[in-house]
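Heads up, the next two complexes both have chain A, just with different partners, chain B and then chain C.
Up next is the complex of A and B:
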């Protein structure tokens, strides 16, 4: 019953999208009616897809094993929360979620972007609908979540045990909101390019989408990294794994896009480049999906892959990428305005930022694909691991970090101001002072390279704060005169820059000064790690809802005082028999003590213990970055909401 | 009644673990200061687990990684240099086992491209600035 209804709903959604496309493009009726009908059927698409999504969730909740997807990825005993969120823990369900978010975006375009001229709006709806249409076909033909099977099995196979974790609840939806949010930018950009005459306000139309998608993608990546950190049990937070890279690429182009939009809004320059960036960002979202779902790149968290699906996504992505690039090239504006290239202007720094970010994109993408290319051409097999990426990305990050605080201090139009010099000098002096005192107090001998990187992180952090302090100086009011609230979005972007500094600090500090020990420990053994002692106290058990834990008890001791109990565990899932390693993480200010346990015997255990100073800065920085942009988004819309034409 | 059931469960559970958990562990060396295991880690992290998808030997617990770790441990106790151990494994399993690609004919492009792009940027920048 669920299967039939689900298929029907998807079919209706498909028909509605055909209807939307028809009404958006038909020459037979006038524009007003076209718009009305296109919107109507657009909302129908959204509703049908929403219902089908609820239906699949219902199928998971009541454990309807006549659905192949439910049977393969669920079981009766599974906790309810994982039944609901398990919908996106598999290929079919996650594609439906992807589709749902696409249609939610369509809904928002129809509902809330009413101030945009009707013909642009109509084109945007048509393009967004065609993306939905393509993915509906994909789902119906290769990944139908409502596929039926008979006879009905008694119990399901169960969800991959690594996925039965709170991380699953929010990580994929956020990531998908990010990926798919960029589809709106894509649709608008193509629609804007289809306009023959110049439209001026478009940067403001798409700005909020650029921010929202970026926020979601940032949070998604952060949570994913946090999840890998505590669930995979290796204590790493970034592995340069293909799936991670696939999410990083649109993030980087999305970051470049935000900056380029600012540039365009203020100077009116680089229109084409900005539009190309928004096309590229969504293209990278699609390419990432393609690479992961097709199984072309293997990764620790790949889905069950299927070449046929890969082919479909390849067709979809080639179509949209070539289509948009074709329109882009056709509408490329002959750069008529004479651009004067002045070094100390904000616009120039944004160009440099964009160049560096695009080089990182090319380098990461090339590094991902190179082994495949090489094997296809010569048959040689090589591995491109994390170290390669670290080596080639480091110089780029260093350059970005040096320039990052300078750019925002410059003016869009005028030359170098006295105030900017003063601020940067103050920041520079404070940074040097801090790094020297830190060096004296904490670590006597750090190597020069890490010291340089840490100073750069501090430099970003301090310069962003210093930049915020003298906001009321009369000189600065000239540039930002008018609305006083206009300063609020600037605070948002400084928070984001500052947060990047915090994250960088965490990344470098934790990688340079972590202490890591693999040990065999007997009962009652004490080991010394950093300023702490760790004592092994034996093991106990814990009965969970669908698993049993063998907990290993440790006491964390500092200055002969016990400060915490730590219980890493071996988790045994009753149904599948899978055993996962659960790390135990104890926070100490911004540091982490991280324990995982390998072999457990009656007399001894093998434990892997790490002390990671300032590791929490990584996620703190990540979340703060998202917060900064959120802040900016909220106040931006308040300012421009009324003046936006 | 319920409590007793739990007790039996726990008992079986622990016995099960003690029995089966052996092959799961890291094959860490026996000396207690962790120095040997640290050098094993340093080597193992440079090697790719050829049986797995995108994991290095240190992180993985597959048969392949277990045997490589055991091999490294054996060689280290015999006093072989880390560099030589990696070279031996490289000889035996080919380029693929190295997590970081060696700089050689078929990877020149891979290594040069990033730095080429960066210098290109510098070049364009200073060229424009002169104008």
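Up next is the complex of A and C:
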């Protein structure tokens, strides 16, 4: 029953999308009617897809094993929360989620962007619908989550045990909202390019989508990184895995896009580049999907490799990329008037920002694709080591970090140069002061390279705070009263820049000063790590819903006082017999003590123990970055609100 | 300086920096690509280069000595490579299943510094699958 209904719902969604496209493009009726019908069928698409999604969830919840997808990825014993979220823990379901978010975006375009001229709106709806249409075909023909099987098995195979974790609840949806949110920017940008006469308002229409997608993508990546950190048991938070790179690329172009939009809004320059960036960002989202779903790159994220699926997505991907690039090139406008080029302007620094970000994209993309390229040409199979990425990204990050505080201190139009120099000097002096005192107090053995990087992280952090001081002290009161309204979005931006500094600090500190020991421990053994002692106290058991844990007990001791119990575990899943390693992580201010256990014997264990100073700054910074942009988004819309000024 | 000259400087700098980036990419790539071999392809004289060997863990070959030292054999139905690894094996490391070891050859022994087995029980690393397919 579920299989049949599900297939019908998807079919209705497909028909609705065809109807939408028809009404959006038919010359037979007037624009008002076109718009009305296109919207109506757009809403239908959304509803049908939504129902089919709920239906699949229902199938998972009631364990309907007549559905192949449910049978392969679920079991009766599985906890309810993983039945609901397990919907996206497999290829078919995750593609349905992707589709659902695409249609939710369509719904928002129809419902909440009424200020935009009808003909632009109509084109946007048509383009968004054609993306939905393509993915509906993809799902129906290669990845149908409602595929039926008979006879019905008694119990399912179960969800991959590594995925049975709270990370699954939140990481994929956020990442997908980020990826797919950029489809709206894509649709708008293409629709805008199709216009002959341009209004200048378009940057405002698409700005909020650029923010929302970026926030979701940032959170998605952060949570993914956190999940990998504690679940995969290596204690690393970024592996330059192809799929991680695939999510980083749209994030970088999305960051460039946000800046370029600001530039366009304020100076009216680089319109085409801004539009190109929004096309590029969604293209990278598609490329990311293609790489993950086709399984052509080995990665932790591969569900199952099926070349046919890869081919389909490759076709979809090529179509949308070439289609949009074609429209882009056809409508490329010669920048109407070249304004005076002044180096010390905010716009120039945004240009530099965009340049550095795009170079980062190119070098990461190249490193990611090189193994494919080489295998195609010479047949050699290679891996590009993480060191490659670190080496090529480091100089770019250094340049970005040096320049990052300068731009925001400059003006779009006026000459604030003197004031900017003064403020930057203040930040510079504070940074130098802090780094020297830190050097004296904490670590005496820092090498010059890491010291430079840490100084840069501090530099960003401090300059962002100094930048929030009123520009003119004599006008302090005016500035202060302005804080309520006009300056709030600016505070959001500075929070985000500051948070980047925090994240960078965490990344560098944790990479440079972590201590790791792999060792064998007998009962009662004590080891020394950093300023702590760790004692192995024996083991116990813990019964979970569908697993049993063998917990290994440690005492964390500082200055002869026990400060915490730590219990890493070996988790035995009853049904599949799989064993996973559960790390134990103990916070100590911003640091982590991280333990995983390898083999457990009666007399001894193998443990891997790490102390990671300031590692929590990485995620703290990441979340704060998202918060800053959220802050900006909320107050921007409050201020500009309905007036669209 | 005229606007044109200023722009010219700006874009010339960008171009030079891009060239620098390309150079850096090539250098970094040259030093950090790791070749993958199956046991029958591997050339043991290629000492002291970091490489990856992938295949199946031979049944009954896994031996642990008293310390963290682990010994096992990777095979591909044609040839075998003896691997020594000091550390904790991944959860899904099993005899008879696919594995990739990264390390160097020293005296005909493969000294691994990393064991990659981030697959589930049904999944085999792509490289291993493809190299076994042809055997």
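Basically, the second predicted complex is superposed on the first by the 628 of 645 C-alpha atoms of A that agree within 3 Å, B and C clash if a C-alpha of one lies under 4 Å from a C-alpha of the other, contacts with A are read in each partner's own complex, and residues count from 1 in each chain.
The working rule: contacts are C-beta pairs under 8 Å (C-beta built on N, C-alpha and C of every residue); 3 or more make two chains touch, one makes a residue touch a chain.
Please read all numbers here as calculations on a predicted model, not as lab measurements.
Novice: Overlaying on chain A: chain B and chain C, fit or clash?
Specialist: clash
Novice: Taking the superposition as given, does A:113 touch the first partner, chain B, the second, chain C, both, or neither?
Specialist: A:113: touches no partner chain.
Novice: Thinking of the overlay built on chain A, is A:591 touched by chain B (first), by chain C (second), by both, or by neither?
Specialist: The answer is neither, since A:591 touches no partner chain.
Novice: Have a look at where A:341 lands relative to chain B and chain C in the superposition and call it first, second, both or neither.
Specialist: The answer is both, since A:341 touches chain B and chain C.
Novice: Quick check for you: in the superposed arrangement, does A:370 touch first (chain B), second (chain C), both or neither?
Specialist: both
Novice: Could you look at A:242 and tell me whether it touches chain B, chain C, both or neither (first, second, both, neither)?
Specialist: First partner only.
Novice: Answer with first, second, both or neither: which of chain B and chain C does A:64 touch in the superposed model?
Specialist: Neither: A:64 stays clear of chain B and chain C.
Novice: Looking at the overlay, what does A:207 touch: chain B (first), chain C (second), both, or neither?
Specialist: In the superposition, A:207 contacts neither chain B nor chain C.
Novice: Looking at the overlay, does A:160 come into contact with chain B only (first), chain C only (second), both, or neither?
Specialist: It touches chain C, and chain B stays clear.
Novice: Can A:355 be said to touch chain B (first), chain C (second), both, or neither?
Specialist: After superposing on A, A:355 lies in contact with both chain B and chain C.
Novice: Using the superposition on A, tell me which residues of chain A are in contact with chain B and, in the other complex, with chain C.
Specialist: 232, 298, 300, 302, 341, 343, 355, 359, 362-363, 366-367, 370, 374, 380-385, 387-388, 391-392, 395-396, 518-520, 579, 581, 598-599, 606, 608
Novice: Would you mind writing out the residues of chain B in touch with chain A in their complex?
Specialist: 6, 9-10, 13-14, 16-18, 20-22, 24-26, 28, 30, 32, 34, 37-38, 40-41, 46, 48, 52-56, 59, 94-101, 106-107, 109-110, 113-115, 117-118, 121, 125, 128-129, 131
Novice: Touching chain A in the complex: which residues of chain C?
Specialist: Touching chain A from chain C are residues 3, 6-7, 10, 14, 17-18, 21, 24-25, 28-29, 31-37, 50, 52, 64, 67-68, 86-91, 118-121, 123, 125-127, 130-131.
Novice: Residues of chain A touching chain B in their complex?
Specialist: Contacts found on chain A: 232, 234, 236, 239, 241-242, 298-300, 302, 341, 343, 352, 355-356, 359, 362-363, 366-367, 370, 374, 378, 380-388, 391-392, 395-396, 399, 516-520, 539, 541, 543, 548, 550, 570, 572, 579, 581, 598-602, 606, 608.
Novice: Which bits of chain A are touching chain C when the two form their complex?
Specialist: 160-162, 232-233, 295-296, 298, 300, 302, 304-305, 338, 340-343, 348, 355, 359, 362-363, 366-367, 370, 374, 380-385, 387-388, 391-392, 395-396, 518-520, 576, 578-581, 596-599, 606, 608
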